[in-house]
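Once you've had a glance at the structure underneath, I'll fire off some questions.
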């Protein structure tokens, strides 16, 4: 393992110090590992997200005008505890209540909901939405079900814009939920990632092998297969998404997300292929995002996300964002 | 044999539990390495060592505040799934202790039961899901039946421990429905759930302390 | 080699098609591999940069309001030919002349200067500046000398802002040259990169080894050494920069650049260490950029860049940029 | 033996060179793999094959336009360092051919010399830097001395080829000052420069054609 770190135990706090030093608009609350906006607007609905670290720029990179008010970090790939999330809620609250944007992992769900209960004891109005955009996993009521992956960033963006425009907690939650209802993602991985505290890869893939549908913590996907062309990867991922949700003759936002170590060159090549397919299917692309938005340390691979847009969502997507992770 | 537990007793039990967990590092770590991400012992140990380190502060508190403080401490120190589950259990239980100086056997049941319910609700889990719930659920159920039976307290405690052990053992053949073992193709069948084991340690140490 | 590509021969053109599809503000000129702005402003000095591909977002990602007018791509790590650069110049020219921003590699120098000569035959006024910010290599008149690396992005930014403000070719060149005179970079690599057409790494590094000063094409650095902590890497790179140029008691722009596969987490940890050192030395950081700005395919590693600022440079650095590679 | 060269002759020579380069793939590729990035043969071959493919078009042109067209074509097709160097050489040489129908031995010298100067200026290189310049420089120098000596044209051509060969061979023991071999710790000593070899092929084929 070669990483630019000091002690594996300190990666999260040192990273957040580095973020605070890079971004004059945010402040770092050490101990509780919260990054929040320096400037607060009275009576704006607060937006809080977070989860395990290792997904940078998620989540601290999405704190800023037009997106989140606070991001709460757990250790690498581990949910933050409720007291940390509570601090995030307190920082985000400016009187109009707080919306928690949670990714659908059982640890996150439990910890964020507990934090919500704690905050309500403090008389802060808190609502939650749960993002489950990953079509690689079947949705089920039996288990936790679908994972939340890159589509979460669109939820931050849309809800963030809605809140910035002065909407109520109810309205912001509605916009977030509408985004969740209309967003689907599908990913694949080519090389594993290494947790700093572990020091060796969590799984192995042959030099000739990729895993379709692998999660952003290295959770199993749906198929290990031999390596393919960009065109074939695009076909596999887009098909899986379109099989799950009918985007035909709609306008969409498209995100081509890198998992960490896949060069931008390859993401643009994939973008070219994905857009060719979507065009053939009569799906119109309103706006495209290509880059590393929801990563898994140095895993190589990518995900494709589609969000169906109506006039409201278009307007919110186009709204200014000053968060370093997604400037609009 | 104790009939009631006060703050001092509870703190003593917590310290004994801390020691029990500390001593079982490899077994618990290995179980979670097989079924989860291998950190369950480290999580629980960190939490209970933290409790030990604030002993003086805890001894100053009434029972309700003690449970709340223990809950908040476990929650933030353990982290992950078990941190919030234990945190919620203790914090929820504190409500039934407001104004209570000593817990008698009925209060102890109420406390265990409210902790169990908090955990099940928080984790959206039920017995049979291959979690720590399986241990606690059987323990609380046996305790309740014994109370309804008007058994001696000693018998109640014995029945509780035995049921807890059976609950723990029963996770071995279960398929995981919650937690990370769910993502294994074999759903973890053939291995005891680590959270069920650490739950058993706690119930057993509580029982042993009461029986002294 | 696992890459999201189709034919290795087509990576550049497919990537540029993907960029055109992602960015509504630019247009792709196929065959000559030029990305240029769609909207032109009359009588604005045109800015053209480029070089080998594989350094994304350099250079096409820096085309946009506030930065470049056109970027010219060669094959992976190979200079574009003069006819391609000429096309870039023609696209960038709107009557006020064109400045070429060249990185100091002999192939780039020859091809860009040839293109300048060709453009002058077409009566386009062309000036050039050459970026040589990499302090790993000694400057010398005998050889080509110092390489141009991540500091180039600051030259795009400053010159781009100056041009946008309506300055003359002479003035834009002066601002670019002032940036070049005051910018220094130093890098290191931890794992190699793979040229798509070659299919295997160009060099090897032990699992315990890093190379200080390695270039962005895998050119030799100054020292192979065992892996170290983030703090030690920061010390080595900052020392080398400060030994070369006196930044003491000045205000600087800082860039922590990733070479491709180093996670943002690690870049932020490095940023924390670098800023601690600079603070100790009384160097004030005016603005910080952390991210992948000048990469080397999927090489892992980083570089640190310092630019000394005066009031003019601060003003130009803060000027709006809509280029996707560096939004300000 | 030819005394003058017109468009048809030049196009014929270019085709012969194309064949010569095509046949020497491995040798040239290996040399550039050692000293550079291994693409010199592929670059040169692509450029000359392109020239062959536009033969019909080239035959329509006067000498000046022919040189310009060949220069532009080589420049854009060869790419890299040698593309721009050859491109510049032909494009620069075209100026001394404006209005010229046939090149005599003095014109040929002028053309070679202006190409050499263009290359040296463009590459900021001089003889001794271990490049293609070393071949061309010696060739042009010998040609000039022979002209000044009033030698028979045949002797001039022979002297030129011999000097070109010596120039090429001399790169073997030189340390590189330009091009990628500069970055090697041994500066490439012990290996002939690939660009010097392909330059020699071109000069030798030109000479052979004139001598026919």
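A, B, C and D are the chain letters, set down in written order, and residue numbers restart from 1 in every chain.
Going forward, a contact is a pair of C-beta atoms (placed from the backbone, for glycine too) under 8 Å apart; a residue touches a chain by one contact, two chains touch by 3 or more.
The shown structure was predicted, so the numbers you read here are calculated from the model rather than taken from an experiment.
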Between the Cα centroids of chain A and chain B the separation in whole angstrom comes to 34
Quick check: how many Å separate the C-alpha centres of chain B and chain D? 85
Separation of chain A from chain C, taking each centre as the mean of its C-alpha atoms, in whole Å: 29
Rounded Å distance, chain B centre to chain C centre (Cα mean): 58
List, in ascending order, every residue of chain A touching at least 2 other chains. none
Chain B touches at least 2 other chains through residues none
Edges wherever two chains touch, nodes for the chains themselves; is that graph a line, a ring, a star, complete, or other here? line
Every touching chain pair, please? A-B, A-C, C-D
What residues on chain A touch chain C, complex-wise? 1-6, 11, 14-19, 21-23, 53-54, 56-57, 61, 190-191, 207-208, 210, 227, 229-231, 233, 256, 260-273, 275, 285, 288-290, 292, 295, 297-298, 300, 302, 327
Contact residues on chain B for chain A in the complex? 37, 39, 72, 75-76, 78-81, 83-85, 87-88, 122-124, 177-179, 182-183, 185
Quick check on the complex: what are the chain A residues that touch chain B? 74-75, 77-84, 106-107, 109-111, 113-114, 117, 142-144, 219-220
